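One chain, chain A, appears in both complexes that follow, with chain B as partner in the first and chain C in the second.
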Partner chain A sequence: MPGRLARFLLTGLFALFLLFLYGPTLTIAVLSFQGPDGGLTFPMNGVSLHWFGQLFATQAVGDIGAALKRSLALAAMVTATTVVVSLAAGMAFRRRFPGATVLFYLTLASLIVPSILVSLGIGLLFNLMEWEPAWYSSAYGAQLTWILPFGLLIMFAVFNRFDRAWEEAARDMGATPWQEFVHVVLPIIAPSVVGIALFGFTLSFDEFARTLMTAGNGNTLPLEILGMTTTVTTPVLYALGTASTALSFVVIGCAILGMRGLRPVGRLRPPHGPEAQ
Partner chain B sequence: MRRSALFSWLQAAPLALVLAVFLLVPMAMLVIVSFFDYDSYSLIPDFVLTNYRESFSSAVTWRTFGKTLWFAGLTWVITFGIGFWVAYYLAFVVRGDMPRMVLFVLCTVPFWTSNLIRMIAWVPFLGRNGLMNSALIGMGAINKPLEFLLFSDFAVVLAFVHLYTLFMVVPVFNTMLRIDRRLLEAARDAGAGFWQTLWCVILPLTKPGIGIGSIFVVVLVMGDFATVRLMSGGQSASVGLMISNQIGLMQYPAAAANAVGLLAMVLLLMAAILRAIDIRREL
Partner chain C sequence: MQADVELISVTKRYGGGAVAVDNVSLAIPPGSYCCLLGPSGCGKTSTLRMIAGHEEVSEGDILLAGRNVTDMAPAQRGTAMMFQSYALFPHLTALENVAFGPRMRGVAKAERLKRAGEFLDLVQLGTMAGRLPSQLSGGQQQRVALARALITHPKVLLLDEPLSALDPFLRTQMREELKRLQRELGITFIHVTHGQEEAMALSDIAVVMEGGRIVQAAHPREVFERPASAFVARFIGGHNVLALPPGSFAVRTDRCRLVPSGGQISGTVTAIEYQGAAVRVVVACPDGQAAEALLPDGLFHAAPVAPGDAVSLGWEAADAHLLATHHAA
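Now for the complex of A and B:
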């Protein structure tokens, strides 16, 4: 165990690390309230909501409202798919089945391949097949190659800690496999499933490397931001950043509230035995 | 096939289908197209080696690959240096599960903000008239603004460290939490000091987490194009950026040839990491 000096130094390091993580984001949050004549850096030239208003005004940089709608719809599709597919695959991997090892390594490979290569590969596939790339087809698939494996890895972690005694008890009491899943397995793992949904939503909502070549004509919000970084030199960029961060927090807040509602009810737990987690 | 195996197979089929259509086929496509010919309008199906020959006979390409490796290596060293101690602090210095979880969540919150926004956020800090320069001038440390802060390799690595240290912290922290505390007591009873315990007990047991964190950091940096473009202001290069520029110019076969090169480099590095560290225990 570290001595007093080491603890002191490590606490200092940790505090610096938090400052490093939060400092820049907080700075642009403050700067996004610049007055109408303010620039990209301090000093503040008055305080206003001018730049937030600018976000929704039609402007040269593109249509943020439409991009936001696309991003939200895409994130919702990816989230729903990730939850269902990784839950099903997670259940499958609890038993041996032919091809399990290959599929496992393929899933890991999917995490390792750099995103721009997936983007280019899918872009080329659609190009050669003369399919029209769009956010709901090619970009959706491109995002899944990164977010699904993450969901599955979380599922593995969940089922590694899952107490099989619950299912055995359900079977002993005559539950069908479906009843066993719906009334026993699902309520116990529900908080983790919400966690996967949350994770998937954020990953999708912020993804741009995989969407770059696959979004077709309609930009998603991160692509819009990527375009703006080279053309826009006003605090409207900061306003966009602050607004999208706030939106992420709202989604997380809702999900955490949802998670509390989904906690397995007390009577499911045995009075003395280990809690199933 | 037994019925339960068939059922498992059905459950896993959607995953297999997605990966086949959106990973395997596109990667095959990359390899195929890298042998295509092209002109300014279209791809010409063919089997030529010109894309590889042109790309890899140019010193620029090799320098770019070298630069990418350098970015990955430097970022890895720094994220490991910071990430290990942050994880150590959370796992062994903080007392009690509740404070530990709260501090851990504090570390992960910035992750919910878009990477692009987090990059842009450095501009008011590092710019010519930014906070850093004003502060340094105010203190009298320098008398004219430092130019290398923004739009430089320094800014690129800083942004990488800012974005990806978390990917090192999480797996290392997770492995450290699983270390049996009695081992640490045993080490102390046997007379080991702080460093000896760290080197002989904690470090070997944390290896799988370090391996996973390293894979994430290295892969994310190697494939990056946006950070290098934004933070270097077009003054630095990486393979990802080179590929994305070629995509912009519609030189798909050339981009595909470089992509195959990048893929090979990433896979070799992964093989090296996996050879050094067995991560299977962790999965």
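Now for the complex of A and C:
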């Protein structure tokens, strides 16, 4: 056990860490409620929802609504692709197949390559081929180079802890491979699949570096915000930040409630040994 | 009578060339309780999994009730397996777990839940039907696994170390129950274990395995009284394995007595263990061999010895069981 002093210091350190982590977000959230005459910095000049209202009004520069729609659509596409492909690949990698190791390292490599290079490369490729880069083609591909390997790595971890005896038991009782997947594998790993979906959505929704050179003419929300920071000088930016943070919390909250709806699974692996009594 | 389960020169070779099961042949008569017994790595679990169809057979054939099932899917064989980890589906209740087999075969919901309820009653878990596996104790989980295996009406039930995860008290209780179920259902049970006590308590045929081969397959009494090799005698326990002229032999420790002089072997007492009804006396001989005597407590207390005492160990000549020269050892 650490001494009293050590515990005091560590608690202090942890509090500082939390402040560092959430302080900026909180500051922005507070400033987004600036009065109509308020500026980008403290002091607060009254309290109002004025800037949230401004979000939906036409901006001098930037089109928040269109960017938000693009970002949501792109995140949905990336999420769906990540879930389906990582699930299928996770299943495939459970047995050895020729080239498995090479494929695995290739997948990892795309995580390691600096994001801006990937972005630049894909942008260049589209240029060379004289294709029009767009959020739904080049940016979609660029985001997948990052998010899909993450999903796959999570899937590996999930299947690593997956007891093959479950599948053997299902087969023993006459399940076809498809029934095995639908009635046994999928329900057991469902919480992890939801997790991958959430993760993929979040990563895509605020992806910046890989989208920068690949989004073409239609900006995603993070790109639009970047554009606005250089020209917009009102707290509407803060309102946007607060609103999108709130949206993330809502999505996560819904996911947690949804998981509650699924049956509690308890331990992933059945208990072994006498301590299981 | 035709055997229920017949293995004909079955061999299991793994990818790296390692041989897990080496040319094993075995015939198990209908309605028997058969224990596959041996230390870890002896091939007993691989053998069981090949019978179940969860492991491919490298060479040889497996016959169930005269039908060659070597290349059949597990569910077509008429076997059911109870897994060591129980492998209960964590997202399904006890009742739904038991109903899983009928569900996969397309039995209507009301019908399969009713049947599952009956099988839960059979293992005395009718009141736990709505619980998830994580809400059941280890012993209860095992009963659910048993009911789930039996609902498919197997001709042969395969059990992979079913008692190893239970505490000693529950183990004895479950052992009785397994034997009762087997007797009542009249089907063949094949039970993998590394515990000789378990095998002796349960089996009609004890199959002792070593290094992927069967070294003896017989009624446990036969195995205990006439072990086929030094390995079997040591593994089954309760034997001294000694090398004295004219050769190597086994003698049961409970047939050995301390004699004042003129015993077959002499040495110094190195340990004394009180076991309640009996006392175990370990004797080290000058030539490096060790032997022990399991004495009824009355006999020991009538003439007690202490560690360090020089003693002589004797037995009836008829109790010494000569062992064939064992090539594998």
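One rule holds in what follows: the second predicted complex is superposed on the first by the 258 of 277 C-alpha atoms of A that agree within 3 Å, B and C clash if a C-alpha of one lies under 4 Å from a C-alpha of the other, contacts with A are read in each partner's own complex, and residues count from 1 in each chain.
Here is the rule we use: contacts are C-beta pairs under 8 Å (C-beta built on N, C-alpha and C of every residue); 3 or more make two chains touch, one makes a residue touch a chain.
Because the structure is predicted, anything quoted here is derived from the model rather than measured.
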With both complexes superposed on chain A, which partner does A:A170 reach: first (chain B), second (chain C), both or neither?
second
The chain contacting more residues of chain A, comparing chain B with chain C, is B
So, A:V184: does it touch chain B (first), chain C (second), both, or neither?
second
Touching A:V118 in the superposition: chain B (first), chain C (second), both, neither?
first
Of the residues on chain A, which ones does chain B touch that chain C also touches?
none
In their shared complex, chain A is touched by residues of chain B numbered 1, 4-5, 8-12, 14-16, 18-19, 21-27, 29-30, 33, 43, 82, 85-86, 88-90, 92-93, 103, 106-107, 110-125, 127, 129-131, 134, 162, 165, 184, 188, 194, 197, 215, 219, 222-226, 230, 240, 243-244, 247, 252, 255-256, 259, 262-263, 266-267, 270, 283
Touching residues of chain C toward chain A in the complex: what are they?
52-54, 73-75, 79-81, 83-91, 100-101, 103-105, 132-135, 137-139, 141, 148-149, 152, 165-167, 170
Please give the residue numbers of chain A that touch chain B in the complex, ascending.
1-3, 6-7, 10-11, 13-14, 17-18, 20-25, 27-28, 31, 40-42, 81, 84-86, 88-89, 91-93, 95-100, 103, 106-107, 109-118, 120-125, 127-128, 141-142, 144-145, 148, 152-153, 156, 202, 205-206, 208-209, 212-213, 222, 225-226, 229, 237-238, 240-241, 244-245, 248-249, 252
Per the touch rule, the chain A residues reaching chain C in their complex are 163, 165-166, 168-176, 179, 183-184, 187-188, 190, 262-274, 276-277
